[in-house]
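Read from first to last, the chains carry the letters A, B, C, D, E, F and G; within each, the first residue is number 1.
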Amino acid sequence: MVNGVERPLDVLNSAKGKEVLVQLKNNRQMVGTLLAFDIHINVVLDNAREIVDGESKRSMGLTFLRGDTIIFISPASMVA
Amino acid sequence: MVNGVERPLDVLNSAKGKEVLVQLKNNRQMVGTLLAFDIHINVVLDNAREIVDGESKRSMGLTFLRGDTIIFISPASMVA
Amino acid sequence: MVNGVERPLDVLNSAKGKEVLVQLKNNRQMVGTLLAFDIHINVVLDNAREIVDGESKRSMGLTFLRGDTIIFISPASMVA
Amino acid sequence: MVNGVERPLDVLNSAKGKEVLVQLKNNRQMVGTLLAFDIHINVVLDNAREIVDGESKRSMGLTFLRGDTIIFISPASMVA
Amino acid sequence: MVNGVERPLDVLNSAKGKEVLVQLKNNRQMVGTLLAFDIHINVVLDNAREIVDGESKRSMGLTFLRGDTIIFISPASMVA
Amino acid sequence: MVNGVERPLDVLNSAKGKEVLVQLKNNRQMVGTLLAFDIHINVVLDNAREIVDGESKRSMGLTFLRGDTIIFISPASMVA
Amino acid sequence: MVNGVERPLDVLNSAKGKEVLVQLKNNRQMVGTLLAFDIHINVVLDNAREIVDGESKRSMGLTFLRGDTIIFISPASMVA
């Protein structure tokens, strides 16, 4: 599964079009479909939902996230 | 709806002239019409209103927001 | 009113000589006449007054504000 | 064991494919197999698990970690 | 009084040799004679005194202040 | 003892192979043998131990520390 | 006393070999002999002592301080 990961951004590249969990600073979490990212790790999610205590808190549709506030990005399917 | 999003800033570009929600650090939120942005994600909103607990707290008209304090930008219509 | 706003700094440029509200981090606010700014959003206000709970707390005359501490800049007349 | 460490990134390079502990700011810890890193210390872990009080809290599979939030990276086998 | 302020640093330049108030992050304030500054807003004050609750707390003589910690710089005579 | 210290990094260079104390932000301390550093003050310690209240809390072996989180680095033998 | 201070770093240059007080973020203070500094305001102190409530808390000998954590540097003799 991890073949071809030479650089960290390769992982984001292969996650395009898939659901990801984005952990933000200040305990915010978002789940959505990864549409785009850049070298600053600015990220665009489609169908973004903010998650609090495992439940969707609000839906935000297409959302631009500044890289500066991101801790990690992971495939959402792995997270309960 | 998400066709044509190659880079994160494409989303901001297509949101020009539309209502957006801007989530700032320190739990501030602003809603307004997106007029302009730059690569630092400095943003100009027209008819900007600060939102607290889902209600407009104060109106600020044309407002310049420094990118450094922005967490995410999303179409305002999606947010209750 | 918003014609001609191509880039975020255009808004600051057309606010020169006018009263603006500057929201700083840590809940500080300043009102004053915008005299100058640069690309770091360092700002000079004339007749600057610090505002706490809607009232002038102290007057500081000509004041240099480092951009790093600024959240937003808005026309002061809009703010109660 | 430490022969050949000329530059800090040499240590990360020789840790590729091995289990590492990543200490994040805000008391978060992650354990996983180091797959990739870059000069910003952006890191990719496979089979990543968040650790709280010495126990796995959640499993996240392949995870991208922004360097900005990392305090230290260490071989996981050394940590109880 | 404000003629000739084209750029923010012009204000600091014309304040050289005069008393200024420097507001630092974390509620520290310093008063002293502005001797020098650079583009990072690193500043040197002579006869610097730390001010707490409007009173001099400690005198520090010639002091180098890192720009990173500065919120604003203002003529001290204006501040009570 | 201090002859030859022209630049700050000279001190780190002559500490290579010796025990150092690294004070991190958030009150973390680490002791270990300094193996490598770079201009970002990223540091590698061998036989690293986290110190809390003067006692070793956990041993981490070879550890990569991001410079961004370091306050100071000092010869460990000087610290009680 | 202040002749010849054209740039902020001039003050640090003339303080070489002298006792200085270094105020760090998070209320830490250090006193020691200034040996070296660079443009990032990374600093080396010899015979460094951490000061808490006006008393020496611990002695650290030769110490490297990252500029990022420094608020101000002042001649130690001025500070009680």
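Here is the rule we go by: a residue touches a chain if its C-beta (ideal position, glycine included) is under 8 Å from a C-beta of that chain, and two chains touch if they have at least 3 such contacts.
From a predicted model like this one, the values you see are computed outputs, not experimental measurements.
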item	value
Chains touching both chain D and chain G	F
Between chain C and chain D, the fewest steps along chains that touch one another	3
Gap in Å, rounded to a whole number, between the CA centres of chain C and chain A	35
Chain centre separation (chain D, chain E; CA means) in Å	43
Chain D: positions in contact with at least two other chains	68
Neighbour-by-neighbour ring order, given that chain D leads and chain F comes next	D, F, G, E, C, B, A
Residues on chain B engaged by chain C in the complex (per definition of touch)	24, 26, 28, 30, 35-38, 42-44, 46, 48, 58-66, 68-69
Sites on chain C touched by chain B in the complex	1-2, 5-12, 21, 25, 41, 67-68, 70-75, 77-80
